[in-house]
Amino acid sequence: MRALGWRLAGLAVVAALIALWGEIAALKLVSPVFLPTPARVWTALEHGFSQSDLGAKLVGTVSHMLGGWAAASIAGVALGALIGSSKAAREYIAPTLEFLRPLPASAVIPVAIALFGLTPQMALGVIAFGSIWPVLLAATRGFAAIEPRLVEVERVLGLTCWQGVVKISLPSAAPDILAGLRLGLTVSLILAVVCEMIAGLDGLGQWVLLAARAYKSADIFAGVALLGAIGVVANAGLSVVEARALRWRAPSAR
Amino acid sequence: MKAAKALVFPVVLIILAEIGARAGGPSDSVAPPSEIFATFLDALRDGSLLAATRDTLISAFAGLLVGAGLGLAVGLALGSIRTLDRLLELALELLRPVPSVAVIPIALVALGFGYSLEIAIVAVACFWPLLILSRAAVRGVEPRLIEVARALRLSPLQETLKIVAPAALPRIFVAFRLAAGVSLVVAVTVEIAVNPQGLGYEAMTAGQALRPALMLAYVAWIGVVGYALNVLLILAQHRLFGQAGRVEAAR
Amino acid sequence: MNGSEPALIEFREVDLAFGDHLVLGKLSFAVRRGEVVCMVGSSGSGKTTALRVASGLIRPTRGEVTFAGAPVRGPRRDVAIVFQDYSKALLPWRRAAGNVALALEAMGAPRAERRDRIAALLKRVGLAAFADKYPSQMSGGMQQRLQIARCLAQEPAALMMDEPFGALDEMTRQTLQDEMLDIARGTGATIFFVTHDLEEAIYLGDRVIGLKPHPGRVGVELAVDLPRPRNQVTTRESPEFLRLRHKLYDFIYASESGART
């Protein structure tokens, strides 16, 4: 009950902040070129969906993001399984991976453009390349850290290689992999937006940039709000999956 | 021995890249590592590389200070004052998922191209990790220590300065280190997307001018700068916090 | 249970070295089919290592280890190992039934049979009511029982038990000791039981082998002629039990002070 009370109070705070925003905009304390009123943003959203192609742009960004992320996740888990399970591979390859970790994924964009031009394939490649790193590193760590006792149980029971991976290695690495997937999703959204801005691909990145060039602040805010919404939904979705997959965890171990 | 093994893979890759790029003949999109290195030295000598590096680092650093500073302040407040934390929770949850790059158009309209645009976006990006982690650092102070502070009847200010701050400091530094990495990544990203200055912009321009060696030199240099920054900060962390810091440093 | 039974597990002059350090030296002993043999020894005598060699997890440096006459080349499904750190040997992401199922899946048991077999095994170890609980929701004793259930699912010819009750409290330990004897009698499995608890070794075993340390080799072999079924109170007070206990304590004490010189 108390939790509900706080939630409602939080909602009231959000409403108050929006009202404050409306006041500042209405009083033109900040130029309407930069700061539209909440009402105008709402109108822009409605207008965008009904009379313009905001819906298509939304779908575009989501599909870019998910497409690249899905490809990267599968490849990342598979590679991570291979590298993480082999001591030799870890010694030779893992240091290079660690070195490449702090690098900006966006830095590969000029290279991708040089190779593939300003195409959707380029975008997909960039997004996948960028989001594979968190997944790959997390999967490598997860597969390397399998409880040795379980490996012995695997040997005693005579599990085949495939059985071992599916029944023991994957579930064991799942917490790490899920954390990596979450990070990868964040990266893929960012790269999707950047690629859309640069390559003029059909998506919210393009929408907001065009709106900026035309000084339509309400449209910009509408697009930004939708991008935030994508982030919220994507994260919430993953949280649900995570909760289900990891419900065996003892309450302390989280 | 371990270091030698670690180098085998990258060296092999570089050799393969050298052979592969040379075999394909002159190209608009790839260049052999030897040429990349030579071009890198040229850019270094004529000052363009250093100028671009300076531009990127200025924006990144300034954005880091602003964003991380604000994030730290808000995070500390939220960590210490439960009521404030609970009230603002929903509002922050709604704002956080907005990717920093999405704010580019808004900042572009308000500030135009240049340093301020980049600093603004970097600040937005660095704000969140500091807020979340410094809040957690304050909340995570051993409750036993708070009890000690109460027992000694320390004033809120004394409690903060003598107990909370030193206890939370290692984790706050780790947050700062993470944000520093973020600041560089975001700065380069803004340059690649829209801003006509800095390392990202130089890389894009070189690519568009069909000068692959220069482009790849900049890309590689961006990597080196990112790596060097990370190493420096880890060294600083160990120097400042020693064992205490190491315990907290979960990468 | 008598000298004419063939040996199921046999060690012949087994050496085991980790690098320069010789853990087991010319270790020779046999475990006959259907026997409960307990191995004791002071710390560092290599008894756990001997169990791991017998299970096929480690290859001996020299000498021969055979199982049912054939040389041991690696772990086998019909030699089940009950580990001391039970929580690490269970799958935390599967419920109790799922953990037992793992053994059946490995054996390729027909799906239709699995449910009933799992239910029967869980009932045998007293976990019938906990079939849908995760290991993290179970006490230490229950987790160890679950591990035993999974091991029994392998229908083992031999059970290797590595200080299985060492991490449990006294009450639970005694309960599990009796349950284990029950299972041993019921399945007729051969049991090789390593423990540092001398009384436990005598209570459970048909024979007790004591290892001398540095390197580990047989120091004493005692036949335990106590009547079965054993009883926690009466057996432990019987004169024969006390005599064996005295002998073992003397042996351990001697081997420990010998090691100190």
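Letters A, B and C mark the chains in the order given here, with residues in each chain numbered from 1 onward.
The rule we apply is simple: a contact is a pair of C-beta atoms (placed from the backbone, for glycine too) under 8 Å apart; a residue touches a chain by one contact, two chains touch by 3 or more.
The shown structure was predicted, so the numbers you read here are calculated from the model rather than taken from an experiment.
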When you draw the chains as points and link the ones that touch, which shape shows up: line, ring, star, complete, or other? line
Which chain would you call central, comparing Cα centres to the global Cα centre? A
Chain pair bearing the highest count of C-beta contacts: A-B
Farthest chain (mean CA position) relative to subunit A: C
Whole-Å distance, subunit A centre to subunit B centre, using C-alpha means? 18
Could you give the separation in Å between the centres of subunit B and subunit C, each centre being the mean of its C-alpha atoms? 55
Averaged-CA centre spacing for the pair subunit C and subunit A, given as whole angstrom: 50
Spell out the part of subunit A that touches subunit C in their complex, as residue ranges. 147, 149-150, 152-153, 155-159, 163, 167-168, 171-172, 174, 246, 248-250, 253
If you look only at subunit A, which of its residues touch subunit B in the complex? 6-7, 9-11, 13-14, 17, 33-34, 91-93, 95-96, 99-100, 102-111, 113-115, 186, 189-190, 193-194, 197-198, 204-205, 208-209, 211-212, 215, 217, 220-221, 223-224, 227-232, 235
Considering the complex alone, what residue numbers of subunit B touch subunit A? 2, 5-6, 8-10, 13, 28-30, 86-91, 93-106, 108-110, 181, 184-185, 188-189, 192-194, 200, 203-204, 206-208, 210, 212, 215-216, 218-219, 222-223, 226-227, 229-230
Note which residues of subunit C are touching subunit A in the complex, please. 55, 57, 74-77, 79-81, 83, 85, 88-89, 91-95, 102-103, 105-107, 134-137, 154
